[in-house]
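As structure tokens, here come the structures.
Look at the two complexes coming up: subunit A is in both, with subunit B in one and subunit C in the other.
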Partner chain A sequence: MTSDVKPLLPRHDDLVNERLVAWYFLAALTFLTVSMLAGLLVALQLIRANPLDGVELLSPARWRMVHTNAIAYGFLANAFLGCLHWAIPRLTLRPVASVALSYFIFSAWQFVVVCTAAGIILGPSFQAQDWVAELASQFHISMSLGAQGVEWGETPFWIDPVAQLGLLLVAINFMTPIVRQRGPMYVSLWYFMAAFVWTFLTYGMGNFMPEYVVGGVSGGAVGGLFIHDLVGLFVTPLGWGLMYYFVPIMLKRPIWSHGLSLVGFWGLAFFYPLQGIHHFLYTPIPMFLQYGAIISTIAVELVVTTVVINFIGTIWGDGEVLKKNLPIRWFYCGMIYYFITCFQCALQVTLTFQKLIHFTDWVVGHAHLVMFGVFSMWIFGIMTYLFPRLIGRDWYSRKLCEIHFWFSAVGVFIMFLDLGLAGVFQGYYWASLAPWDVSVTGSQSFWVVRAFAGLMMFSGTLCFLVNLYLTWRGPVRELNPDIDVAPALA
Partner chain B sequence: MFESKAGILGIAGIGFFLFAFISNVWTPILMYKDVTEKTVEEVVNYRVMAHFGDLNRRYPEAFKEAFGEPTEENCAAALRLGRQLYIGEGCWHCHSQFVRPVSNESKRWGPVSTAEEYQNELQRPVMFGTRRVGPDLSHEAGRRSSDWHAVHFFDPPLVSPDSPMPKYTWFFDGAPNKPNKRGLAIITYLQWLGTSLDSYPYYEQVNADAEEDY
Partner chain C sequence: MNEPNFLPEDAFPGNDDPPRKKPSPTDEAKSARFRTRLTIVLAVLILVPSMYGFVGKFYEFVRIYRGDWEGSFAIAPMLNYLLASGGFLCLFFWATANRMFHDIEEPKHAMLDNEQRLDQQLGGKP
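Let's turn to the complex of A and B:
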């Protein structure tokens, strides 16, 4: 559309495959719904109100693993891929390597996610059959048909190679336009480039090493690094890269400080991968490595502070926009939550805190604030901004968009506070040597609050889905200027 | 360098990742390389064999159908299957397998975990766990009888009234006194955890008076 004015710039339609972006978003929302239902099932089980207890294929423990994997690989990965198909071609002014490859990756990734879920749910049911034991003794592998025994890496061992290949293809598809572009690279592209390398390496390390290469305590160190890098080197750089892209576009002003952008990227790149072992403090992993992980965790908190300051500097003087521009509000609310989780992390990683809160619900609250309160909320913001463009209609109801925001933002914060407090109680119950049941009954009231907080978040998401459906079914309408603040080309 | 493609790919993407990998992964591997990893057959001991034989006496028909005779070889097969179920059924997301040197854990659960306990095939991948909704299981063997475990798996509140643990009725053929192959395997696995230690069997030490305080 700008081709008449600036003939040198490619047309938006030649760069971005909007249909693919929309498909990725729909897949992401599907798995988000599955994941939230799984979370609800586990929450009900903990308060002993699960009406489906005793049904093998609805086992809460199996669905607990579907809950986390559907979020990481079904929701976040799909949503990020959709966003990248929008952002990278527009940043580099070049399309991705191949449309056919893009569609192949899309289908392959859905195959991976569905197989992961199916493996986790059905695998254990077939575990006792004789052919499993025979194959295992033949190939000397553990042959757990269902989940693999690495947290966040429960992807069954038989689907790991496909996922690894998929990640390679993703990197090739997106790196092609990045490598071809000339001139200085924008901050987002630093994060994206690094993320493609890191995700590929991290996935390979976590899913193959503890299974085939090294067991025991050293395998635990790999597992810890994997849990950590999956959040820090896959989700975090993609999330921040998208913030560096969308925030300046919507605010129509540049990022406040280029220097701080550099500090943020290089600080994350150096300190984040060094922290894995902080997930297993007080284990037989050598103590000096535990200290190293603790120190770099505290260091990364300082880096995070510079990034958050940079974004606050960007919006400084224009705070009014938070009231009317919903995507911006999603983004900045997520950043505040990000600062809170990282600050919390710098405290809880110390050995003093670890004594009390390790193994408790404190950590569960922390994880929910990171994965939902930060990255999912950023994605909701991006979806709120992009869906009207992708389907050519303004949102059916601004009010439903608002409800989605408030239910999600308040719900996850209630869950975070509630589980944090529960963790402190549990820690003291355990240290007091009270019988174990005391800690379980003492947690009940917290778990009830948690279930309601989860329901609140889920209702917000349902509002979003209903709104999306009504928007899609409704007539083509002009975009709301509040949401539509960007020109066709960034 | 800080904004070039080569710098970002080479230094941040690969360089820093490798640095972290060498320091956080390669170092412990080198440090523990002389502690050999035992096979499942090597960790079968007379203590777990006693439990395995006990299962054979309690549930003879089911045992015969699932494992035949209570030999060491069949015990190893049961341990392998038991551990696979421990992973596949997600037990490790609510039960830990490591005792920390803090918070009175060694009083409650037994001796603090050491690296040697984890150097065997049944700890690949290691089952440290990250959440304790239920008790730590690293020294579970011998603490409770196998028929207690059977009833507990079938319907946890029957023996542990406040337990939020789900039912695992699919480990049985309809009744708690009829465990199937999966049930027998997971009980064997539980009755193995901690059998290599001098402290076996370690009973949980709790302050019974504390219950009245809460």
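Let's turn to the complex of A and C:
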């Protein structure tokens, strides 16, 4: 327990560089907008209403990769980095290793994301030029200048080393205050620490091993591990770590059980990396590996249960707060969606279920619920909470904040249900051995609904952006920082 | 014109919300007992199978190393898993030896306390 005489704390301004947090959030929202527009474009293509039909550079195949990469590396990574610049210094009471390094990482990361998009869009066209082919043969470069042939690792091969270096710098910058901590650590810091190591290793494994070291089915197995670990060992620990930080401070009560949260952490550490192969059931990968992945996926449900129990225990008896506290509503809605996706995971990992839904839109529905319905919703909750502090102004309109929430929460759930159903239909069409076209025609109505659901989500995001702009133009709030503080610890 | 602002009143820590009703010491003790029991049950349910998973992977690795051709191409992902998990196993032992899990519930109180004090620097308002 804390002693009665409390040491002075460092000044918040000496710990957190608020401007940098705001920059990260703005970059994240920019890439989110690009990604959503790209998603809408692909959705329109699938219902044969693509307004850019025939424009090679804007072809849906390229934009689909822009859609997913801008989400993972442009939106989620930027938003997480912004949140971490707030949370880690306040949790450790120490600033990050170097503010200059932080700004360098910020610029380098935007460079990586923009180059990825440029590589994906322009790469294939460049590749066709004679002088490029000549240079490639001269320097024995056999790889494509555009997207790399690894799912979620489409970052072109020439940008991979920069991204890898960026991740190393991120780890150094944030680990410095964490390792200087003395005594028992709060659970969020365990998650963050693990995420820095895991993300670095996962990125390296997925982007370099299949390209240079292992090929064929073995490369496929590595690819499976990579796409899974990107969600499980980059996005999940950062998301959970942030929830363990923001939920208690917003509810003004500690997390229900810190012990249980640590059980969840260690469970994730040992179980999660075992499951990668579950993306490749019914492939030539040996069955003993496939079965291992299935069992560990079901076991991970227990880990998820610890998290859910903990957050329900924390809010128990205080449900009213969900009505009036919007960030908390974002967080808990995301948690419900999280539980749904994990429950879905436990089902869809069985071979019986896989037989029906493999390669169908079921998976796309699942991906949207987890990426948007869970992690993006948590990020929106954090942004809703932090933006007024970062720009020193109260939200311009609560109504617009509410619309953002409802359009996002309802829109993504419609998309999830719609694509789930589409997946089941597609599975049965294929099982009946009907021609492929039949399943495409049969999917049209589902894809129309998906486009509308996407429009709804996008409208919610636009409301948020407009609200942010109007807030930024509003009057600044008076602060009262007259209080004794200690210099920030080194 | 701004609408009535909702974050400082409704959502912000360190604001003027009435303090929550404190549970009685008996209730608190009961809830702490329940919490401890549940944590132990889930720890056993989760950590024991995960150790089993780790040992299982290690065994597979040894089998492949000894020449089980069927799984030899899976050696890369398996090595990855073993390296990462082996590192975490070491971290776990190190943390235990350094009494990181000693007063296991203490960090959650310290963190909340620090947060509220950091916010008070801003007069309880953002």
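The criterion applied here is as follows: the second predicted complex is superposed on the first by the 456 of 490 C-alpha atoms of A that agree within 3 Å, B and C clash if a C-alpha of one lies under 4 Å from a C-alpha of the other, contacts with A are read in each partner's own complex, and residues count from 1 in each chain.
Keep in mind that, in the parts below, a residue touches a chain if its C-beta (ideal position, glycine included) is under 8 Å from a C-beta of that chain, and two chains touch if they have at least 3 such contacts.
Just so it is clear, the model here is predicted, and its values are computed rather than measured.
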item	value
Subunit C versus subunit B on the shared subunit A, clash or fit after superposition	clash
Partner chain in contact with A:Pro286 - subunit B first, subunit C second, else both or neither	both
First (subunit B), second (subunit C), both or neither touched by A:Ala299	second
Touched partner set for A:Asp437, first subunit B, second subunit C, both or neither	first
Which of subunit B and subunit C A:Ser257 touches, first, second, both or neither	second
Partner chain in contact with A:Met205 - subunit B first, subunit C second, else both or neither	both
Partner chain in contact with A:Val197 - subunit B first, subunit C second, else both or neither	both
Contacts of A:Arg477 with subunit B and subunit C, given as first, second, both or neither	second
Residue range of subunit B overlapping subunit C upon superposition on chain A, of 8-16, 80-88 or 152-160	8-16
Intersection of subunit A interface sets (partners subunit B, subunit C)	184-185, 194, 197-198, 201, 205, 209, 214, 216-218, 221-222, 224-225, 262, 266, 269-270, 273-274, 276-277, 285-286, 289, 292
Complex contacts: residues of subunit B adjacent to subunit A	2-5, 8-9, 11-14, 16-17, 19-21, 23-25, 27-29, 31-32, 35, 37, 66, 77, 80-81, 83-85, 87-94, 96, 98, 100-105, 107-108, 113-115, 118-121, 123-135, 157, 160-164, 166-170, 180-182, 185, 204-208, 210-211, 213-214
Residue numbers on subunit A that touch subunit C, as the complex places them	1-2, 6, 9, 11-12, 15, 90-91, 93, 183-188, 194, 197-198, 201, 205, 209, 213-214, 216-218, 221-222, 224-225, 245, 248-250, 252-260, 262-264, 266-267, 269-271, 273-274, 276-277, 285-286, 288-289, 292, 295-296, 299, 302-303, 305-306, 309, 313, 318, 324-328, 384-385, 388-389, 392, 394-399, 401, 474-475, 477, 479-483, 485
Subunit C - residues contacting subunit A, complex	2-8, 10-11, 13, 17, 20, 35-36, 38-39, 42-43, 45-47, 49-51, 53-54, 56-57, 60, 70-71, 73-77, 80-81, 83-85, 87-89, 92, 99-123, 125-126
Complex contacts: residues of subunit A adjacent to subunit B	45-48, 50, 53-54, 56, 59-62, 64-65, 120, 123-125, 127-128, 133, 136, 142-151, 178-179, 184-185, 190, 193-194, 196-198, 201-202, 205, 209-211, 214-225, 227, 233, 262, 265-266, 269-270, 273-274, 276-277, 279-280, 282-286, 289, 292-293, 354-356, 358-361, 363-364, 427, 429-438, 440-442, 447
